[in-house]
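Each chain gets a letter, A, B, C and D, in the order it is written, and its residues are counted from 1.
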Amino acid sequence: MSYSGPSKMTVDEANSFLSAAFYRPDHQAKVTVMEPGRAVQRLEVREEHLRPGGYVSGPTQMGLADSAAYMAVMTLTGMEPMTVTSNLNINFLRPCIGDVVLADATVMKIGQALAVMDVDIRIEGADKAASQAIVTYALPREDQRARAT
Amino acid sequence: MSYSGPSKMTVDEANSFLSAAFYRPDHQAKVTVMEPGRAVQRLEVREEHLRPGGYVSGPTQMGLADSAAYMAVMTLTGMEPMTVTSNLNINFLRPCIGDVVLADATVMKIGQALAVMDVDIRIEGADKAASQAIVTYALPREDQRARAT
Amino acid sequence: MSYSGPSKMTVDEANSFLSAAFYRPDHQAKVTVMEPGRAVQRLEVREEHLRPGGYVSGPTQMGLADSAAYMAVMTLTGMEPMTVTSNLNINFLRPCIGDVVLADATVMKIGQALAVMDVDIRIEGADKAASQAIVTYALPREDQRARAT
Amino acid sequence: MSYSGPSKMTVDEANSFLSAAFYRPDHQAKVTVMEPGRAVQRLEVREEHLRPGGYVSGPTQMGLADSAAYMAVMTLTGMEPMTVTSNLNINFLRPCIGDVVLADATVMKIGQALAVMDVDIRIEGADKAASQAIVTYALPREDQRARAT
């Protein structure tokens, strides 16, 4: 699928939003791509992201998938803080070991009520995904949507 | 389903394992129940667990579901660090707002290769779940399993 | 969760609906329970429902889960033909071998846009489930809903 | 991901297997592509595949996803009747209306115990998918595997 027109949120706006919204923003993955229907986040791995054995933990990968999917929606809707995760399904395919993790989210469908994203998570430069997630966000109804000033 | 015999890991052993294994263990959910085929974890909510609006964030709930499911497997297998998450599917049902979150994981099936858990996540005392997860763990093959001393 | 008031569709209405709507209705599972927030369907197994080895096939179990979940929604909404499946997640837990299969669907959440059901599928009389499904239906918007005469 | 070497099952072998194994084989989707790590099935839509409104039904799409994923595994393993579905997750993205449906399954991971496939389902010639499924198959253990004669 392809979407026309520019992204409704820029990379800088996306990073500002994440920094303002979440705890310890310096530990967050940075948004590196915002184009219509697609967003990429890049995480520099720290000790807190690991599980025993030195693997990037499942919850770290799930958090990345959730966040990158959220940013991908916002490329099409602009800022919509009332948009919330409704379902997340993740398959862990192989060990995730490395210094940088990329989450690349693509919008598969956006309707009136739901947006569904496919997210590929892999170590930067790897030729195989560490995990793959499908994330569904519930969109606010028309009358609940944020209004641009 | 019911399982006979005692849990192969106690509540104290489960908490020691989590403390030793993960970053910032004081911020982890504590295990409060370990009985055959079931484990419960209890999280005291802190600022870092919240998303904008004061809700317990999706990643916090996913991490809890993953961990409680892991502990539930260990009630039946004992310590098996080679056991890894293979799939997690979570449905967010309603806002999760409160001071304490409980994740209650039940083993639905344990076979040679896989264990599948149903996890109910809710605010302590709430009569409805905030989210519900199905978590699948891949079990190590016989020849890779930890040996009790 | 419990729901107050009577079911908005009876068992007879549910079976009439299924007979009118689908191909070869005599081969369909019959609805046996319609109570607020819960529906049960009962399938008498035929050759066409089997896969090699004499197991009730995956697609048969998925179709049952989908249908029982649909009926469970209708206990709360009444007839709403615009209600459509949005997501289905099923875990096959153990072989499904026997003459009669039951699918027991419970509404976990019903909101403005989505209803989420938990479905237990097992051979009649068995003490363990053959499979477990979570099924999400998208509800029509207010202005698209069927109007009772 | 790419896989080297030829497919371990041909298109003809795949269709023979499906015809021998399932009820009413003339109503089945035909396999049209078997290449290493990928299989495609093609269904000519009949009345029995429809739900009210003339849409290809959810269970029809789920059955196709399951079958195409199975064939994709067999491109890498050869005939393995002990391989069984362990999990299927499907998102219905948009109405599926047309005369021919294609299910295109790609192997994302194959390990010792599990194979995970991504399946795209769409009307032949459509530029957007009607649904997308992730299907996990459990592989038989080494000592349970079929032996080629």
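The working rule: contacts are C-beta pairs under 8 Å (C-beta built on N, C-alpha and C of every residue); 3 or more make two chains touch, one makes a residue touch a chain.
Remember, it's a predicted structure, so these values are computed and weren't measured experimentally.
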Applying the touch definition from the top, give me the chains sitting in contact with each of chain A and chain B.
C, D
Between A-C and A-D, more C-beta pairs in contact link A-D
Taking each chain's centre as the mean of its CA atoms, the one lying farthest from the centre of chain A is chain C
Centroid of chain C to centroid of chain D, CA atoms only: how many Å?
24
Suppose each chain is reduced to the average of its Cα coordinates; what separation in Å results between chain A and chain C?
33
From the C-alpha centre of chain A to that of chain D, how far is it in Å?
29
Residue ranges of chain B touching at least 2 other chains are 86-87, 89, 91, 136
So, in the complex, the side of chain A touching chain C is made of residues 86-87, 89, 112-114, 136, 138, 141
State the interface residues of chain C toward chain D in the complex, per the touch definition above.
21-24, 47-48, 50-53, 58-59, 62-63, 66, 81, 84-92
What part of chain C is in contact with chain B in the complex they form?
1, 89, 91, 93-94, 108-109, 116, 118, 127-129, 132, 134, 136
